[in-house]
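Each of the next two complexes has chain A plus one more chain, namely chain B in the first and chain C in the second.
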Partner chain A sequence: MSEKNPAVNQDELFRFIDSDTISSEKIVAPRYSYWASVFRVFFRKKLNIVVLVILALILLISFVGPLIFPYDMMENVTNASTYNLSPAAAMSRFGGFSLKWLLGTGPMGNSIFYGVISSSRTSILLAVICAAINMTIGILVGALWGYSRSVDQVMLVVYNIIANVPYILLISVLVYIIGSGFWSFIFALTITGWLGIAYFFRTQVMIIRDREYSLASRCLGTPVTRVISKNILPFLTSVIVTLLATELPSYIGMEVFLSYIGVGLSASIPSLGRMIQQAQSAFMTYPWEFWPPVIVASAITIILYLLGQSLADASDPRTHM
Partner chain B sequence: MKKYLAKRIAFSIFSLFVVVMTVMLLVYTMIERSVIFQQDDTWNKKSNNDREMYEYVQYQKYGYLTYVDYSSFLKEKYIAKYGDSYATQEDFLTDMEVIQDAKAAKKNASVKEFMEKYSAMGYEVRYMEPITYKRGGIKPGGKGYLLAIQEKNVLYRLGDYLSGFFKFETTNDVKDPELTERYIRVEKDPYSGLFAVVGSGTTHKYLLYFDSKFPFIHQNFLRINLGTSYTTYRGQEITSVINNPTGDLVVTRQQYPAQLGTDNYVETAIDFHSLTYNTGILSDVERTQFNDKYTVYNYNRSGLSMIGNSFVMGIIATIIAYALGLPLGILMARRKDKTADKIGNAYIIFISAVPSLAYIFMLAAFGTALFHLPYKFANAEVPILAYILPTISLSLPSIGSLMKWMRRYMIDQMNSDYVKFARSQGLSEKEIFNIHISRNAMIYLVHGIPASILGCLTGAIITERVYSVPGVGNLLTRAINSHDNGIIVACTVFYTSLSIISLILGDLLLTKYDPRISLSEERGGGR
Partner chain C sequence: MSNEEKKVLLSIQNLDVVFGRGKKAFKAVDNVSFDIYKGETLSLVGESGSGKTTIGRAIMRINPCSAGAIYYDGKKISGKISKQEDRDVIRKIQMIFQDPAASLNERATIEYIISEGLYNFHLYKDEKDRIAKIEKIVEDVGLLPEHLTRYPHEFSGGQRQRVGMARSIVMEPEFIVADEPISALDVSIRAQVLNLLKKFQVEKGLTYLFIAHDLSIVRFISDRIVVIYKGRVMEIAEAEELFAYPLHPYTKSLISAIPVPDPIIEKKKKLFVYDPAKFHDYSKEQPQLVDIGNGHMVFGNTEEIERYKKIRNGEGA
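Moving on to the complex of A and B:
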């Protein structure tokens, strides 16, 4: 009926456009690459570049450093006069200024400066390896756990039981059984460590699982593994990066904590936790032994945390506009 | 809803059982048991059979096994035969000495009887033959021993543990034939001036009484026995370890029960309400002081109990955390991307990234240097000041995490339709934030409140170590380091129960706070 209405003058509302065959062949939407956008957003902030440079420096010092400054915690153990020397005393004791005695000596005449460098290498390695193992297992199990209802029922029972065994107890028992070497310590941290990540991830997957597009895929007969890898996981990239941002520094803190309560890495491996634990009883008398490892541990964790957070922000597609 | 709760509680109890069993398996079978001798000087000094015997004594003490010694078997046998004079009888002495001669022992009738009796009962009989020099004479530590050993298996141990979990006091608790009167009755309590329920034949004398100490009403009818400590608190029940007061003795003018009504006053710290039955023989002094055999007591002390210390600090820290963290989170959300938000974010990053050990020590150094607050708990001249630094260091991380989540949820809610509607209706920003958004954002945080309150009962590991607070936080870590299996199991049960209870309470609180949420599916919520 409306086209017969004389009140509307159709010429004023619409006009003809020539059909352009060439441009209709082209895709007019701008090219979008996910990871390129992530890095574009990431490098837009100056602070991120600064943090990245600091991290690169820390990595360089802690991984190349021990080659230049070989740390031997037992080198002066036979000489009690070298124990617990302040930086000034250590330099006069060992003949003049040297980088080695910049931070004084520890309870066995060991160089604190070299010790901190070697220890931070252990801590970073530990954090990276543990995070890699726990995140991989946690995400894979969590994805399946959240996706399949039958797996969910079984895993919830398992989770409710294992999550209630005190974590410290589990780790100390494992450390007793398999020893407190570097790899056994990683084993102790990862044997149940993935469970919390998997549980967190399960909830996230469950939220996405029942969205319409997943339902449509399922109706069309897409296999479970492909639904998980193509429909669900890409949606959760920013969640994964956020998780990584909190997980990575947490292992450094965990090592410090476990060493402090006496179930950490063995004494022969230089580690920040061990240094802090050895110095904590006298942290008022020998502050130069206590604060360097504390500050280095804090600095590494903060840098990793900041970097992870910015990367998590950048990996959220909503920030890519 | 009731059905859901019943199911939930049943499952919780089941998982508690499984956890206890898992932990028992872990500590009793997976840890190499000989590690308990690693730093044991007595073990190092002993050699040969003496060392092995010492190992069995320790294993029994640590709860790995039970054993029956040949000499106690003989004692029993000959008491039945001769009565109290058994120790001087000829055949008793020869039977006693025979195990020092391997050849003679094999022919001895008593030894055979011992071996047969305990083998039949499922014990493993172990004869450590005397170790002698070739020219005769026993080597140092080479004395012979004869034992019947039984390993405790996990199911048996679990059953044992659970059957002793609740202890109800009855008048038949004391197995002393000397005790003739057995009753539970209400009497006037001379120590409080009020009335008390007093028992005879029960383990405790005062079953229900009032005094001036928190929580003012005390009962001993039902006690929960979490387990017994083997090493760190030799032989004490863990519930009494964590509940008994710590600190200095408080001496007051009191009278012994037998001297009530006379002029005999003593300056003593004895807590007469804590009297328990003495199964041994009373000394002459004790006879003049007490009317009955309830003569075992605890002392009045100035400090709180271990769990009290942890709880008081924890609960104050929790209150501070909620009182500061929530408003600060709201403030950060209101001033998003402004200075207040940035400062808050810096704090959150610092607290969540830096190892807790680091900022606790920083606070300790700061507080002692600037404000001269006491560092070590025991050294405090004014006891109340000793609580300040630990409490603050406990509240720092919770403030940070509450700020973080409150801000996050507030921002998530800020674009909701109801906020736009409220704004269009002309509500002030203050009203919208403080009443409407914050209440909706709180839905996510309500769930954690029971956990944070009950969590105070478990103490804090690092804080209590750094400030040497006599609290419960380090019970587990200390027990692990000294292989105190009893405490390890007890702590597991305690922590697990608390976490299960707080999860259930959290869910219930959530449904109370937000009636839209339903836990059971059949009410039509969810799908």
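Moving on to the complex of A and C:
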């Protein structure tokens, strides 16, 4: 035995150290926080940080920009010699280099550069407000719709009737009736827009409604509202974020498309869709009027989509390992 | 305890539970009647799909009764009842679930899971009182207050089942439906959970409906046993009576299926297989559940009952 061998240094041997199960229980697991883990996973990817910085820049320029570069699309409307000037022609016409004429002038002598900045603010604001309204109503109604069988019967009839009316047709009719201002356009986009989200959500809720822990909550007498907020919605966070990632850019696309076909926002409100529509007939002759709003609209859509997808991935707890 | 002293806590009378409608209708529970006395443990045994869990869930009012009624403490609790009574019954009757992994909300902390019932019925004076209550119950079930901030996936199966027990017992119920609480657990920790159930029964005077398919465990824990087969009650007797005199052939087959912890005996053991067509001839007379004395009830027709009585009284088989 080693104990009897004087050649072995006793201090170098392994010794048994008693384990204290209770204190090991106390220190073993760090606290798990869902949102902290979401952001840890999100910031692990370099691309996400780049995308976030670009988005911050876009937001800064489009919301602070109009204060520094006030856009007035009618300022040169009386002077026909300022119409459709290329950047170089506009700068020489208005006396030297200035940011304002960086992208030339539009069909009414308006500054394209200032116009794009003001328009992207309109588009982003529109997308955020529409997404917020539609998602909130859609999720709340969808949760109740999926949870309660009696609500389901009524809502299915409502859904079948309204969902069969073509969305574009409904919006164009509404815009004709109530006018094409900013808020009436939002009203038209949200009056039935939440229905599709609610329907999608209903299915998701139904899948997890009858799980055993929800049954256990019923046995404990938990009210429906808390079953929804504690047992169902936390499991759908990643679904909600994924949905947001596709909804948010889709409103920008929708505005551009509707303005392009002529039923969107009124001409007095600077919007990307309206700018594209005005320039599309002459985009070969005056390309500086057409491409800037197209590129900006695409960039905002792509950035929002990329960001949403990364957030959706990060909000899936299976990626938190 | 003599029969007069026993107080019926829960009474099931002619209970039917039917799933589906029309041609697809399936009768999971068929004309089941039995009483549960205050302070006892009544076990419900039978094979998979025999309707054990359905009866337990009918008591919890998760599955609606198609016919018959359930009375708790003399008051009817099945069908439509007033809101106040409903809340009362929810608080007094609690359930322990079979699968501790599925029955705990993965996105909630142990603290919330245990407090859920307390929140619903506001069973605490203030925040401090609530914390004190859940810390007490957590220690009672053998967990640590440090566990409260964790999530269910951080626990072992046995610990999760303790959480499940804690959340029921913190409500201070009178009656607990334990739906196969140990069948999802490792054999080595089953005894711990059973001991815990026994401990709470003694400390708090609880009454259990214990649903199981493992007769060897049922013998250890229960006062009386109800054997069911395809939604019908086959035999009701006190635990020792049932093991000493299993009368119905289905009970015999269940008892013969208990494994013997000796490979040589186990190998030689002949399994008793129950086949209703072979044992019963119900062409002349339909069977009924009949009391044959000694608190023993068996399902059979007149001829069978006479035979069972003879066997019970030792007059030869």
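Everything below uses one rule, namely that the second predicted complex is superposed on the first by the 297 of 321 C-alpha atoms of A that agree within 3 Å, B and C clash if a C-alpha of one lies under 4 Å from a C-alpha of the other, contacts with A are read in each partner's own complex, and residues count from 1 in each chain.
Assume contacts are C-beta pairs under 8 Å (C-beta built on N, C-alpha and C of every residue); 3 or more make two chains touch, one makes a residue touch a chain.
No experiment lies behind these values; they were computed from the predicted model shown.
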item: Chain C versus chain B on the shared chain A, clash or fit after superposition; value: fit
item: Contacts of A:I168 with chain B and chain C, given as first, second, both or neither; value: first
item: A:L99 touches, of chain B and chain C: first, second, both or neither?; value: neither
item: Winner by number of chain A residues touched, once chain B and chain C are compared; value: B
item: Which superposed partner A:A282 touches (first chain B, second chain C, both, neither); value: neither
item: Touching partner for A:R211 - first (chain B), second (chain C), both, neither; value: second
item: First, second, both or neither for A:I177, with chain B first and chain C second; value: first
item: Partner chain(s) touched by A:A267 [first = chain B, second = chain C, both, neither]; value: neither
item: Partner chain in contact with A:N231 - chain B first, chain C second, else both or neither; value: second
item: Partner chain(s) touched by A:C219 [first = chain B, second = chain C, both, neither]; value: second
item: Shortest CA-CA distance in Å separating chain B from chain C in the superposed model; value: 6
item: Doubly contacted residues of chain A, that is, touched by chain B and again by chain C; value: none
item: Residue ranges of chain C touching chain A (in the complex, touch as defined); value: 60, 62, 87, 90-91, 94-95, 97, 99, 102-108, 112, 116-117, 119-121, 144, 146-147, 149-151, 154, 164, 167, 171
item: Touch list for chain A against partner chain C, complex; value: 22, 25-26, 29, 31-32, 34, 211-213, 215-223, 226, 230-231, 234-235
item: Parts of chain A lying in touch with chain B, wherever the complex brings them together; value: 157, 160-161, 164-166, 168-170, 172-173, 176-177, 246, 249, 252-253, 256-257, 260-263, 276, 280, 283-284, 290, 294-295, 297-298, 301-302, 304-306, 309
item: For the chain B and chain A complex, residues of the former touching the latter; value: 11, 15-16, 18-19, 22-23, 26-27, 30-32, 35, 349-350, 352-358, 361-362, 365, 368, 375, 461-462, 465-466, 474, 476-477, 480-481, 488, 491-492, 495-496, 499-500
